[in-house]
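First comes the structure, then the notes that go with it.
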Amino acid sequence: MTAILWAFDVVLAVTLVALAAGVLATASLFRSIVLFIVFGLTMSIAWARLDAVDLGLVEAAVGAGLTGALLLNTLGHMRSQAEFTPEPSHGPGGRLALALAAGTAGLAIGAAVWAWPDAFAGLGDRVDTHLAESGAQNPVTAVLLNFRAYDTLLEIGVLVVAVVAVWALSPMRGRVLDADPPGLVLAGFVHLLVPVVVLVAGYLLWMGTDAPGGAFQAGAVLAAAGVLLLITGRVAPPQLQAIVERGAVVLGLVAFLAVGVAVMAGGHAFLELPDAWATTLILLLESLLTISIAIVLVILFAGGRTDAAHPPEDAAP
Amino acid sequence: MPVVDLLALVLMLTGAAFFFAGTVGLLRFPDVYCRLHALTKVDNLGLGFVLAGLALRSGLLTVALKLLLIWLLVLLASTTACHLSARAARHLGVEPWRRA
Amino acid sequence: MTLTLWYALTGVALLVVGVYGLVSRVHVLRQIMAVNIVGAGVFLVLVAGAHRRPSGAIDPVPHAMVLTGIVVAVSATAVALAFARRLRADADERTDGAAREDEARAG
């Protein structure tokens, strides 16, 4: 049995490295991106192998799904440029020097990893000791929403900043698909799938306190449904002028800050969840975070602003 | 080995054989339409066998039903993806392969 | 070799491939993908290192960090891609403008 598992680990590692090399070496950008999506999916298998099911779920939805969609969308915008770009611009000597430099850095980090002690508890024991008072049975959720809630607060802040940056950088091209309208099959698929996706997101959110899942997984899955609705033309791209969308973007951040400050009234430190309320507060925060994460990811995909000065392209002849 | 585990093993190996055939098809078939045929039909059947084996091994009805749901969703998604790929290929003017 | 060591070294290999790609590739999309591959390598090292508890359970703190990291990576990628699109659009505008000027001079 162990031999089979080792064979699996070897195949998986070789596949990952080969896919990464393929992404960077393939001449066609479209193929590069497809390989990158496959790389993300293969990563999620690696997460599962390392008992990181939470990460596997996020990687499949975000790392492979949304990042892939973002890249393909941008490639579509850049079509005027030749898809096959001259690569690389360095001579053989330059390439060798670069490879040597990267390889040396890798050897140094590899040596550091090699010197790791075989057994290392990290902060795991402390998390286990305090898990009962965290309000969540899933230790990863306990860390995200309670023990290290600061990180998650800043993360949702980063998401909001990213929306502002994308918004500021570019007017949105009105539609994200080419002139071809979506076929009946795709439309029917989306029709069937979206309710199921909403159900799955709710399940992931609800289960997240006790089992793998939570706001990020649920938000990413919801965002995938949003992207599908967007590219099939079922919904118009989000207009950030609308108070509803703006509210949804900052909802998670505002709720996080509000909860963080509100607990201080009870004599706790900022973001220190009182034990008795922890489960309720975590679920409340996660629900609001799910909405914000989903809408932020959809806006990042749609990319940019729509305004009167730059009418969407599909309005043009 | 209990009979149930043996049956599960046989089912999963059958599934693996279908996956192998599908992959050979993907690599060897002459054009995009044939390859899609190999991928979507053979692999989905393979996945069905693998999931049936896993459901037997788990021995839990809830797990079996979730696996069934996963299979149905994959069927739906791969059908749609197959249709979209074939449609895009036709849109680009890829001619179906004919024996010379 | 342990499971931890094997996957951590895989992560290091991804990091090397990604860094080499980042400095040797020219197209901005490929560079953005290279950064993502470097990120995946770093995440793999972190999570592999979380798999060393004597009890056999995982250390959830690196898992939570990496989960945060994946979401931050996708938002950073989105911003990078917005920059790429903007650069492209500006370059197109300049080319179009230059072409119009050429036409005006020729006419």
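For reference, chains read A, B and C in written order, and residue numbers begin at 1 within each chain.
Everything below uses one rule, namely that a contact is a pair of C-beta atoms (placed from the backbone, for glycine too) under 8 Å apart; a residue touches a chain by one contact, two chains touch by 3 or more.
Quick caveat, the model's predicted, so the values are computed rather than measured.
Novice: Hop across touching chains from subunit B and tell me the fewest hops that reach subunit C.
Specialist: 2
Novice: So which one's got more C-beta contacts, A-B or A-C?
Specialist: Ranking A-B and A-C by C-beta contacts puts A-C first.
Novice: For subunit B and subunit C, what's the span in angstrom between their mean Cα positions?
Specialist: 31
Novice: Report the inter-chain centroid distance for subunit A and subunit B in whole angstrom, where each centroid is the mean of the CA atoms.
Specialist: 27
Novice: What is the distance in Å between the mean C-alpha positions of subunit A and subunit C?
Specialist: Distance between chain centres: 12 Å.
Novice: What residues of subunit C sit close enough to touch subunit A in their complex?
Specialist: For this pair, the touching residues of subunit C are 2-10, 12-21, 23-27, 29-30, 32-34, 36-37, 40, 43-45, 47-55, 57-68, 70-79, 81-86, 88-89, 92.
Novice: In the complex, go through subunit A and note every residue touching subunit C.
Specialist: 9, 13, 16-17, 20-21, 23-24, 29, 32-33, 36, 39-40, 43, 46-47, 49-52, 54-55, 58-59, 62-63, 66-67, 70-71, 73-75, 77-78, 80-81, 85-90, 95, 98-99, 101-103, 105-106, 109-110, 113-114, 116-125, 127-128, 139-140, 142-144, 147-148, 151-152, 155, 158-159, 162, 165-166, 169-170, 216, 220, 293, 296-297, 300-301, 303-304
Novice: Could you list, by residue number, the parts of subunit B that touch subunit A in their complex?
Specialist: Listed in rising order, the residues of subunit B that touch subunit A are 73, 76-77, 79-80, 83-84, 87, 91.
Novice: Applying the document's contact rule, which stretches of subunit A touch subunit B when the two form their complex?
Specialist: Subunit A residues touching subunit B: 180, 183, 185-186, 189, 192-193, 196.
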